[in-house]
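We call the chains A, B, C and D, going by the order they appear; numbering starts again at 1 in every chain.
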Amino acid sequence: MDIKFSKEEQEFHDEIDEFLQRELPEGWADKPVTWPHDYASSGYQEQGDSDLAEAFLEKVIEKGWVKAFWDIGAERQAYSNMQQAIFDERMSYYRAPTMNSVTTGIVAPMLLRVGTKEQKEKWLPIIASGEATFWLGYSEPNAGSDLGSVRTSAVEDGDDYILNGQKCWSSGAHLTDYSWMIVRTDQEARKHQGLSFFIVDNKTPGIKMDPVINILGDHSFNNVFLDDVRISKDNLIGGKNRGFYNLMTALDYERICLVGIGGFKRMFEEIRDYVKATSHDGRPLSEKPSIRNKMARIATRIEVNYMLFWRTAEMLDRGEDPNVESSILKLTATELARDMAEIAMEILGPYGQITGNSERAPIRGLVSRGFLESISATIGAGTSEVMRNIIAQRGLGLPR
Amino acid sequence: MNLDFNEQQKILSDSAQEFLSKECPKELMRQRRDSSTEFNRELWKKMADLGWMGVAIDEDYGGSGGNFSDLAVLLEAMGEACLPAPFFSTAVIAATALQFSNTESTKTDLLPKIADGSLIFSYALIEPGNSYSIDNIKALAKKEGQGFSVSGTKLFVEYAQAADYFLTTAKLENNELVVLVIKADSAGIKIDPFGTLDFAGQCEVRMQNIKVPESSVLAIGDEAVAMLQQIELVSAAGKCVEILGCIQAVLDMSVTYVAGREQFGQIIGSFQSVQHHCANMAVEVDSTRYITRQAVWRIAQGLPANKEVAMAKSYASSAAVRVGKLGHQTHGAISFCDELDMHLYLRRAHAASIAFGDTEYYLEKVAVEIGL
Amino acid sequence: MDIKFSKEEQEFHDEIDEFLQRELPEGWADKPVTWPHDYASSGYQEQGDSDLAEAFLEKVIEKGWVKAFWDIGAERQAYSNMQQAIFDERMSYYRAPTMNSVTTGIVAPMLLRVGTKEQKEKWLPIIASGEATFWLGYSEPNAGSDLGSVRTSAVEDGDDYILNGQKCWSSGAHLTDYSWMIVRTDQEARKHQGLSFFIVDNKTPGIKMDPVINILGDHSFNNVFLDDVRISKDNLIGGKNRGFYNLMTALDYERICLVGIGGFKRMFEEIRDYVKATSHDGRPLSEKPSIRNKMARIATRIEVNYMLFWRTAEMLDRGEDPNVESSILKLTATELARDMAEIAMEILGPYGQITGNSERAPIRGLVSRGFLESISATIGAGTSEVMRNIIAQRGLGLPR
Amino acid sequence: MNLDFNEQQKILSDSAQEFLSKECPKELMRQRRDSSTEFNRELWKKMADLGWMGVAIDEDYGGSGGNFSDLAVLLEAMGEACLPAPFFSTAVIAATALQFSNTESTKTDLLPKIADGSLIFSYALIEPGNSYSIDNIKALAKKEGQGFSVSGTKLFVEYAQAADYFLTTAKLENNELVVLVIKADSAGIKIDPFGTLDFAGQCEVRMQNIKVPESSVLAIGDEAVAMLQQIELVSAAGKCVEILGCIQAVLDMSVTYVAGREQFGQIIGSFQSVQHHCANMAVEVDSTRYITRQAVWRIAQGLPANKEVAMAKSYASSAAVRVGKLGHQTHGAISFCDELDMHLYLRRAHAASIAFGDTEYYLEKVAVEIGL
């Protein structure tokens, strides 16, 4: 037992921290951002921000951090999962612009794990350079929680596959370059056994994207229609009809990489500073016992989630499969995201309802935004109910 | 004992639901989001023609002389329909204040115009840095000639940009509280809308040396305090009813959805976790319904209702968010899309849950009422 | 709408109230009692109490209240359900000794509803006089939540039936005279279709009762073994093989009659008085904001349960079937019983753990007792999970 | 970073679990219920032979010089086994106090006897009307000759009737706090047991003019305050570990039961509501495990641990009751019978949850630690 960073980990942590303090644009963390662990991100509000973010990311790429996470020659990770976790924690704490986390947190490690040598050599460098970003082509109108019911079909045609079907809830599809898509390659096989993964270029003829506006009024989702989309067999990743098996691993990665654990701490600190600085009815909010109690509960749950976060990294480094543990993390972190928003709303009283486009909005309207955004947390990437099923069935061995 | 609507209330309820389901599509809420300065005046006119604004106004002042229970029937239907209109501020708050007042000339002047739908009222009761308490009011009403000069800043003023009048509070120079009505087009009024979750077009209203006649004052001193207490009581109970309408709609939508949607080869409404979410919503709705009816009925009967209202509002306010969120959870991803109406209910239910006092505010009142 | 007692109801209420204040033994409500809505009652602790209780009940019976609930000649209830509810509320508020509520609240109304004229004439008078008391012979080792799986068999033999099998969790069987028992009369029929109700005298040869000690150390449950128990056909109630259908109605009655709604109010008042009179660390408990908040929440939920309680009485008086509504009441009241105990324990801090056999025990140890007793509340007479199933399936029409 | 036991701790954990599963049947708890004056001294002897009492005592004082992490391994196994013995008061609390003290003669005298199992300690820290705070202590230690005369009343003294010594607190006449050890057989001590949920034989201990030598005083003034803070820190973390053992056992029992029991023609463990209860228990157990390990590890390393312990104890204390109750709910009626062990765990977990500060007490400490 050694519940602190090793010397090497601490140095890595400090290096990132110093880099972020130095390189992030002035006041970056105070720009309106999204609530921790939401699935509602929709790019930057202002063009200027987007440019700043790109300039910053150039520096991250230059630093070699993105590329360094995998050692392409040796076909393995170059940094430990703990180091990646430390990187994610610091980046999310500073609300730094990140490489698309679907790309670096799911697609890259999946390629590393199940891609061919050629596929790794083709995709990993352009992922590392930021040239290739991805969206997840999982959900369909009749395949939400039940991804075994995916119907989008891929039919062999010479050296190609022809794809037809529809994907939905496609977060950020319009902001990225490629899809990491699961489709049905065997129509005859039993439901879970005929699926495969493809990398699909958004620009391929036959692809049409319709925006879907979320409850915040933002365009984050898309309906994506595939009409005779022709894809080279080289883009089939991880073996034909091995898709559902690979999906299980990809979902583990997803549950870990989307946590953004540092964001919880940052958001909490902002709320804490606000209740210290603000009085209602002539009394500092921070002196109200009910508020002290609520804040302490949230702080404690954040700490619990930190521990559960480090645990999954440790397991990965030991070569273990954190299937259940990542589900526990996903469940607790997303429930916390919701509860933190609700509790912050309770603390702010009538002021909580003011949205970010007003000067009167506490903490730049983040709390009212979070109240809505956090709804997506316990639904996206597997509902809390599905997480509990996994914990009970795979973790505790109860019958399906 | 009889916990249910009487025949007349049933008829009113059915007709209100039918009318609103036809005349008040959810697009009206989305229009408010996109432009919060105006609301649908045509619908307002039709509601006025149905006599809704005057339901709880005395016949002497142009109303139909019903009581608060009758008004509550309408508010429940409005909650269920997510009606975006200044009905609450006009027909509940302003009507209550005016009927409570002894300023006869103003009553005779304004109440009939409320009843016939020709006047829109808003209310401006909360000041920056304050919440629900009526202590610490900083707005000042200085005696000036036959009237007053009023200055101050108020927040959370709904439909301010559409209102003809504001009901507001101020302190006199001798520190006595006053409740007054102020014309929205008075010189010196500045209105800044700010965005809120419920698209109600809430505004910050700054008043600088607004000149008002003496007849604008509806109550002074102890009477003003009593009036504000009555407004709080009636408004809190009214908001409970609105919440009830909202969460009933959320439950209905959820049951319909889960009974139709399939996943894993099964109707999702057959999954026990989904069923239990729905059962929990149903329990909350029933609980809110009856604890609210008791509060409403006591107000309507003129009986002491502080405890019952405090219990109802503390319960309904927390049920509002619990049911709203469960509605989203049972729907899954589709509930995160603007196209589904679920979020409109959550927005409305949340706004109602904090209006005129949130859960904690009323729990402390309950504590006092039960002898702590 | 008229949310107060009618003149007649108010007079009835006041008559009971005055009677109870006059006739109850001095300080009766301060004797150690059980937690609201538990299923752990095990008779009186002291013989003296038991005698006082019997003397008091004589007066209730004399008053005619028990008998008056049904008009045997007219084969109908003599008092309205609302009046019965008022009676129950007052009796439970004063913690008055009651006629066994299984007998007066379930068996009597069931006899009235489905018994023959002869059965009514035979049983109702001796129920009214207190000579016949009943226990519920429902659960079996493999039929708990799932009462359709009852296996105890009744086989016709001339004018009799021969019963064989085992009943368990038989609360108070050792304290009563008869069983209101559901058994299988048709071995061939589908699970729910071969059941029937019998009245079974505890003294019938072939019946053996073994005590089961509960977690409070009390003998409240029994295992009851039936070995060739011969019962006259006259004791079959409500039609052969109509048992499961009748059970549904009997369960509705059970959910209503076991609430003891007044007990919640009484218990709450005791806790309230205690927090007003007691200081910890030099400060009255009643001044602590967290305690004020918790007490207010409990008071509000009690009020909600009162409303839900009156509602079921109203429905019965309108001739409606409060199947779902009684399940809602049972669910909310028993969850409240648990939460009230847990919250009271939180309020009392270290003092909450002291049990009733010590002078240091707050409120005569009722809270620590309730902490354990209330465990039975959300399990007995249908678990909270079963209640939610009923609400969803029968109330909201969701598929089984 | 490494969140798991090291090799040596794994071996200790396995052997402790094995030993206790054999030597500590639940009947020992039921014996305590029926007679709370004594406990199983044979088992105590065996534990002492295994060196358990001295695990965290310096080698100089007869222990094996391990740290608090090692001791915690044992406490977890004891929680899992519901061990009814004064191990915590002796090997955790008294050993901590003595090792913290500078009263060398008393250390040299008592620590080796704790380590070899020949002394039983209890602690007497709470006074009537007080809870966890060390303010308001009323017991008085008057200077008398070379020693002190101690009077006062203490509550919640576990295993008082079996103890050789009490660790207790008093005020000097100059109002300074002292921590002292008092022989249980001193003239003037009166012990009244009262029943508590956990069958720990907690007692009220009244001291009237107990004569104690100067060497009984382990700490005075600021040092006494510091010692009590250290005791609270260590004990709170230790109780978290005990809770962890308890709730792990509750989860294991529940999963085994629901995987075997059939109702409605199905294994009840296949019902989603039962599965979700179990999943929620598993989440609580894991959460408690890691937040607790962090606190324990920091204490073992001598690092500042106030925040980590406050977080762990506030979390574990509420998880204790939540998991305990879920264990009962998943078992149904059988869990309400004495014959099932479930209630023993609830009793133990609850006692641990309030010992040395309950959820609210530690949440306020967390609030201070996070800068509020």
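By definition in this document, a residue touches a chain if its C-beta (ideal position, glycine included) is under 8 Å from a C-beta of that chain, and two chains touch if they have at least 3 such contacts.
Every value quoted in this text rests on a predicted model; they were computed, and no experiment measured them.
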Far-end chain from chain C, centres as C-alpha averages: A
Higher-contact pair (C-beta pairs counted), B-C versus B-D: B-C
Whole-Å gap between the CA centroids of chain A and chain D: 42
Where chain B and chain D are represented by their mean Cα positions, the distance between them in whole Å: 53
Residues of chain A engaged with two or more neighbouring chains: 289-290, 293, 385, 388
Sequence positions of chain B contacting 2 or more other chains: 271-274, 276, 360
Interfacial residue positions of chain A with respect to chain B in the complex: 39-40, 139, 142-146, 148-149, 169, 212-215, 217, 221, 279-282, 290, 338, 342, 345-346, 349-350, 352-361, 365, 368, 371-372, 375-376, 378-380, 383-385, 388
Of all residues in chain B, those that touch chain D in their complex: 271-273, 276
Chain D residues within the chain C interface of the complex: 33, 126, 128-133, 135-136, 155-156, 194-198, 202, 204, 262-265, 271, 273-274, 321, 325, 328-329, 332-333, 335-339, 343, 346, 350-351, 354-355, 358-360
Of all residues in chain C, those that touch chain B in their complex: 1-6, 9, 82, 272, 275-276, 286, 289, 292-293, 295-297, 299-301, 303-304, 307-308, 310-311, 314, 325, 328, 331-332, 385, 387-389, 391-393, 395-400
Residues of chain A defined as touching chain C within the complex: 288-290, 293
